[in-house]
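Each of the two complexes below includes chain A, the first together with chain B, the second together with chain C.
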Partner chain A sequence: MTQPASAARKDAPTSAATPDTGRKGTRRPALVRWDVRSLSLLGVLVALVVVGGVTQPDSFLATSNLQLVLTQASVIGVVTVGMTFVITSGGIDLSVGAIVALASVWATTVATQEFGFAGILFTAVLVGVGCGLVNGLLIAYGGMVPFIATLAMLASARGLALQITDGRTQMVTVTEVLDLGVKDAYVLGVPPLVLVFAAVTVVGWLLLNRTTFGRRTVAVGGNAEAARLAGIDVRRQRLYLYLLSGLCCGIAAFLLIVLAGSGQNTNGNLYELDAIAAAIIGGTLLSGGRGTIVGSVLGVLIFTTITNIFALNNLETAVQQIAKGAIIVAAVLVQRRTLRGGDA
Partner chain B sequence: MSRTSPSRRGLLFGSAAVSAGALLTACTSNEPKQQAQPAGGTPAAADKPGQAVTIGFAGPQADHGWLNAINQNAKSRAATYPDVTLEITEGSNDTAAQIGQVQTLINKKVDVLVILPADGKALTQVGLQAMRAGIPVVNLDRVFASPQAYRCWIGGDNYGMGLNAGTYIGEQLKDKPNAKVVELAGLDNLELTRQRSQGFDDALKNYPNITKVARQAADFTVESGQAKMAQLLQAQPAFDALWKIDDDQGDGAVRAIAQAGRDDFLMVGGAGAKSAMDAIKAGTGVLKATVLYPPTMAASAIDLARALGQGKGVGGLAELEIPSSLTLYSAVVTKENVDDYLPTGFN
Partner chain C sequence: MASRPPLLTMNRITKSFPGVRALDGVDLEVHAGEVHCLLGQNGAGKSTLIKVLAGAHRPDDGEITWAGEPVSLSSPIAAMRLGIATIYQELDLVGGLSVAENVFLGNEPTSAGFVVRGGRARAAAGRLLERLGHPEIDPARLVGELSAAQQQIVSMARALSHEVRLIVMDEPSAALDPDEVDNLFRIVGELTADGVAVVYISHRLEEIRRIGDRVTVLKDGRSVAGGLPADTTPTRDIVSLMTGRTVEHVFPDRPPGAAAARDPVLRVEGLTRDGEFAPLDLELRLVETVGLAGLLGSGRSEILETVYGARRPDAGRVLVDGVPLRPGSVRAAVRAGIGLAPEERKAQALLMLESVGGNVSVSTLSRYSRAGWLDRRAERAAAHRAVRELSLRPDDPDAAIRTLSGGNQQKVVLARWLLRGCKLLLLDEPTRGVDIGARAELYAVIRRLADEGLAVLLVSSEVPEVLGLADRVLVLREGSVVHTAPARELDEHRVLDLVMEGNPTP
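Moving on to the complex of A and B:
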C-alpha cells in the first residue's frame, strides 16, 4: 500500500518523463515531458500563426490582432486554469459555463449595479465561489460523483440565471466596468483582461507546480486512496479544488461582463467542453494525476487563434467547424508523435 | 421548407392587414417591469365583447428577449379582452414536453389554440390532433409541416427582413463608388438565418456599386456577437455599412465596436429590441436603423384566436373569414419613425 502511495506522490507534478516509466516512479529531470508536450503544442501554434500570416498578412500580424486574440482567449482561459486543477485531481467540472452565466447575470442586475464597479466584481466572484462551494461539498462530503454533482449544478445555475434575467439581456451601465474593455485602458498596449488572464495563469502555475497544494492535487488525482493513506485530507483537497474552479468562473464572468457589456443567461455556452478540450489537448490527463497549466493555456490559445484565422479569412461556419475538428485531431496526433519520438 | 412560400403571397396580406389597422398591431408597452397594459391600441376584430373564448397558448421557453416579448404580448393582449380567458403553459424547448402541454390543452377543451412550436416540424402531429378534435389552431411564427395542422398561420418574414435591410443600406450607399458591406449573421444552423441572409444578398444585387466583403455567423448571444464582431472589425479595416441580423447579439457587436473605437460606418439592426430603438432615437452611435421581426405577432395571434372562437372575420378586410396565412411586414425603423415603433420594442 505504501509503495503506490509514495510513487503517486513523488510522481506528482515535477517528475517523470513518460507515461510508462512515470508510473513506476522512475525519476527524470523535472521539466522534460512538459517541454516536449508544450513544445509540440507551441509548434502547432506557430504553424497556425504562419497560416494566418500567409493568408492575411495585414490584418493577422497586426498588434491589434494579437491584442484581440489574447482578449478573446482570456475569459475561457481563466476558466480553463480552474478546470485544469479539477481534472488533474481526477474530477470534472461540467458546471463552469453555467456558473459563468449565473455569476455574470447576478452581477449585472439593477440592484447589483447600484454598487458600481466593486459591487459587480464582488458579486461575480462571490457567486462563482458559492457555486464552487456547493459543488465541492456535494462531491467531497456528499459522496456524489463529480460528473453528476456538477451536471446538477449546470442545470440549476442555468435555470437560476434564466429566472433572474427572465430571458432579457442585462446591459451594464457602470462606465468604469465598460471602460476596462476599450483601448484607453490598455496598460503599455496590454488589455486589462489579458493582464488578469496572465496573472491567473502565473498564480495557477505556481500553485500547481511549486506548492504543497499542487502536489496534493496531483496525488489525489493519481491515486486518491494512496493519497489518503499518505496523510492527505482528500476530501478537503477536493472541496478546495471545486472552490478554486468556482473562483476562476467568477473571475471569468467579470471579464465577460467587461467584454460583452452585459449579463445574459446564455453566456458561457458550452464553456465546459471548450475548457475540458483545451486542458486535455494541453496534456492534462482526463483520468487525473497529471496536469499542466502551460499546456492548457496553449490549448486555449490554439482554439482562439483558429477561430481568429477563420474569421479573418471570412470562412463559412460549416467550413470552420469541419476544419476546427480536423485541427484538433491533428494537434493531438502531432503531440503524441512528438512524445513518442522524445521517448525513443 | 416549401411552407415559407406563403410569405410571398402573405406579404400582400401582411402589409394589407397591418396597414388596415392599428387594429392588429396595437401594441403593448414593454416597460422594464413588463406589467403595463397595452398602450392605447384599438382592440382588434370586433370591438364589442362577444361570447366567452378560452384560448390555450403554448410557446417555447422564453430564454431570450424576443421570445420573452412574445409571451408578454400574448398575456397583455388577452388581458384587454373581458371575454378572453388565456390558458398559458410553461414554456419548453423540449419537443416531447411541448407536445404533452398541447395535449393537456386539448384535453381541457380550450376553444382555440395558439402554438409557437419550439420546432415547427416536430409539433405538426399534435397540431393535426387539435384540428381533428375540432379546436382551431393559430400557428405562430414557426410553421407546421402541414397546412392541415393549423387554421391560420401568422408570423414574421425572415426573407423580407434581409430584403428590407439590404434595400435600406443600398439606398444609403447608392452614390458611393465601391461601397463595402459586412454582415453579422445569426446561427447558421437555423433556416431563418439563411433566409435573412438570402434576402439581404438579393437586395444588394440591385446595387452594383456595393459588395458584401465579409459575413460571419454568431449564435444569437451577446457574447458571440461581441466575439465575432471584434474579429470582423479586425478583418475589415474599412467598410461602409454593417447589418447585424439580431439585436440581442447586436448588443455584443455594439460593445466590440466601442472597444475597437470604430465609428466609420453605418449599422442596421434586426428584430427591434428597445435598446436598439433607443440608440436609433439618440442617433449618436453607428446604429441608424433596425428591421423589425415584430413580437406583436403574439398579440395579433390572440386577436385571431378570439376572432376564430367567436366566428368573426378581421376588421378592415372584406373577407368573412380570417385569412389562412398572415406574414407580417418587416418595417425599417429609422430616426424618422422610431417614435411610432418604440412602444413595441422589447427588452
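Moving on to the complex of A and C:
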C-alpha cells in the first residue's frame, strides 16, 4: 500500500535537480530528408523509365519525348502542389479541375485577349484565386464541409465555363502566349512550362517546410482543436489554404492555355482525382497532419510517365486506368505499413 | 447466496497501457442477485476494470471465472454471450438511428437472416421501455432527439434486450433528476429480484447506502477492500480506503501568504454559462495557485475553457491585468498571457504526428520567424531550452511525441506555455493518465512554475492534488461554488463530503 508513496518520494528530488548542461550538438538539418517512402517512389519512377527505355528505346528516351512528359506533368503538377497543402490541413478540394476550366476559358475570351499576354495571365490567376476565395469563405467561415463546398464549386464553375464558351473552343491569338510553347522558348532545352512547375514546386516546398504558414497548416491538419487551443487562427489558415489551391489552379490554367493554344470548358477534366491520387501515393495523409511536396511531385511524374509509356506502346487507355488504380492501392498499402511500423 | 459459487470472480487482474499501469491486481467477486458497488477516485482503475468486464480490453494477467468456470473475455461479443451487459457513462448510441434500431443494433430481429423486421423490433423495444417505466419514449423516434436521461433509458433497454445475467452501470445517475433516480433504483431492484447481478458505480455515497449490497474499493489500480457491507460500513472507513495514499510526502511545502503581496493577474466577474456553471467571481494573483475541486459535471472544466475563451460566456467577463478580454476568443486569451493544459491531452493539445519541438513551439512560431520565414535553428534551440527546463526525458526536441509517456507529454504542453512566457496557467486534470511515480515530478514542476511567478488555476477530481498544490480551494457542486477556503484549512474528507453531498459536515 505504501509503495506508490515511497516511489513518489524517491522521484521527487530528481525533478528539482538541474538538468544536464551538456548541450547536444545541433543536428544538421538535411536539405531534403529522403524518407523510405520518397525513396521507394523514386525507385518506382526509375523502374518505369527502365520499362519505357526497354520497350520503346528510340521514342521514349528521345529528348522531345522527355520534354513532352515533363510538360504534361507541369499542369497537373502545379494543381497537385496546391492540393497537397489542402489535404495536409485535413481538407479536400474537389473543384480544382473545374477551376482550371473556368480560368482557362475566362482568360481566352475575345474581350480578355484584347489585353494581350498580361490580360490572359492576370485573368487566369484572378479567376483561380476568386474561386479559391469562395471555397475558403464557405469552408472557414460558413462552416461547410470541404467536400460539399468544393463539390458545389465543381458544379458551378464547370457550368459557368460552359456558359462562357457555349461549348466552343476559344483559340488563342496572342502570339506572345503561343510563343511560350514553341521550341525557341526552351531554356537550355527545358520548356518554360516545366520551369514554372519547378518554381512552384520549390516555393511550395519552402512554404510547407520552412515557414510558419506551413507549420500551421500541418498543425491544423494534425489536430484542429489543439491548434485552436494553442492560439492558432484556424479559420484564417483554412481560408488561405483554399486561396492557395485556387492560385495554383489559376497558374495551371495559364500553362494549359499555352500548351493547348486554346481555352475549353472541358479542360482539367478529372484533375481533382489525379491530384488527390498523386498526393496520396506521394505520402500525404488524407486525414491531414502530414504532407510532402516531394512525394506529390514524384506521384505526378509516375502517373504522367505511365500514361506516356502506355501511349507509346499503343495500349488502350482502359489498361492504363487499371494500372493507375493498382498503383494507388499498392502505395496506400505500403503507406499503412510504414505508419504502423513507426508506431511500434 | 454463499452456498452457490459466485457468478463472477476476477483474480489479480492487471492491465498496462504505454506509460501507465491502469490495473495492478484487482480482485472482484459478484454474486447473482446482488448490487455490487465499485468505489474509487478518478484514475483508480474503475473504467479500465469495466472495460475488461465488457471484453473491450484484454487483461495482461489474472483469471476470470464465470459461474465457477474459467473464461476469457476476449471480445465484446464473448462478454455479451455470457450475459454481461454494460451501460457506459458516455452513452454509446447512434444518434441518427431510431430508438428501436439502437436497442437491437447488431442483434436485429430478421427474416431470412438479413431482412430487418422493423415492426417486430419496434414492438419489442416498446415492451422493454415499458418495463423500464418509460412507455412515453416512441421506439420510432431518433435517439439524437431524446434528452440525456431518455438516452440513458434506451441504453438500458439495449442492455436488457439480451439474455443478461450481469449488468454494469457506470455512474448511471449522473445525468438524472431525483425522480428518474428513483425509477432507476426501482429497475435495479426488479433486476436483482430476478437474479441478475448489478455492478454499480457511483460517486454518491448516499445512493450506495440505498441500493448497494456490498462494496469493493479500488485505489491506484488495486482493490484495497472487497465485499464490505454497503449499508453498515462507516463513511469514514470508505473514504479512508479510497484516499489512503500518503500524499504529504509528494507535495513540496510552501510558505503561506506568499501571494498576498502580489498583483492580481486574473479577475473573473460574474462569468456564467447557462446550464453549465453559475455566475463566478474569482481573483488570482501572481505566484498564487487556486484549485477547483468537484466531480465530473460540476462545471470545473467548463469554467477553465470559458476563461480561456474556448467557450463563449453567456454573461460576465474575464480581465487580465485589469483589461477585459474579448469573450470567446482563444487568441485574445493567449495574447494576454493565458495558457491552457486541457483535460484531453491527445485530443485537445498535442499534434501526435509531430516532434516534441514542433509541439512546444506551435504557439510561439511567429517569434522564431521573420516575414513568415522560420528560423528553425532558433526555434529548435528554444524548444530544447524549454523542455530541459522541465527535465523532460529524453530532452530531445526531435523525439516523436507519441513515444513519450503521459507525464512527459504533459510536460511538453507546459513547455509550450513556458516558452510563450505566459502569466496564467490553466491546468485541467494535469495528471490524468500519468503514473503515480511521475506525478510527484509533475507536481514539483507545477509548484516551481508558481513559485517563479506564474498564477495557476487548477482543476482536478483528485482531491489530494488540489489540496497539495493550491493555496486556495473552491469547491464546486453542480456548477456553483459551495465552499471557498485556504487549502490548509481543508482536508480530503471534508472536501469529499462537500463535493459528494453538498452540505458541509463538520
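One rule holds for everything that comes next: the second predicted complex is superposed on the first by the 292 of 344 C-alpha atoms of A that agree within 3 Å, B and C clash if a C-alpha of one lies under 4 Å from a C-alpha of the other, contacts with A are read in each partner's own complex, and residues count from 1 in each chain.
FYI, a residue touches a chain if its C-beta (ideal position, glycine included) is under 8 Å from a C-beta of that chain, and two chains touch if they have at least 3 such contacts.
None of these values were measured; they are calculated from a predicted model.
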Chain B versus chain C as contact partner of A:Gly222, first or second or both or neither: second
Contacts of A:Ala230 with chain B and chain C, given as first, second, both or neither: second
Contacts of A:Asn265 with chain B and chain C, given as first, second, both or neither: first
Contacts of A:Ala311 with chain B and chain C, given as first, second, both or neither: first
Chain B versus chain C as contact partner of A:Val182, first or second or both or neither: first
Touched partner set for A:Met171, first chain B, second chain C, both or neither: first
Touching both chain B and chain C, residues of chain A: none
Sites on chain A touched by chain B in the complex: 56, 58-59, 62, 64-65, 68, 71-72, 162, 166-169, 171, 178, 181-183, 256, 259-262, 264-269, 307-308, 311-314, 316-318
Partner chain A, residues of chain B touching it in the complex: 34, 61-65, 67-68, 188, 213-217, 219-228, 230-232, 234-235, 237, 248, 251-252, 254-255, 258-261, 273, 275, 347
Interfacial residue positions of chain C with respect to chain A in the complex: 220, 224, 244-247, 249-250, 252, 308, 310, 330-331, 333-335, 340, 342, 347-354, 358, 362-363, 365-366, 369, 372-374, 376-377, 380-381, 384, 388-389, 391, 395-396, 398, 400, 402, 416, 436-441, 444-445, 448
Chain C-facing residues of chain A, complex: 1-2, 4-5, 7-12, 14-17, 19-20, 24, 26-27, 29, 210-213, 215-216, 218-219, 222-223, 225-233, 285, 289-290, 342-343
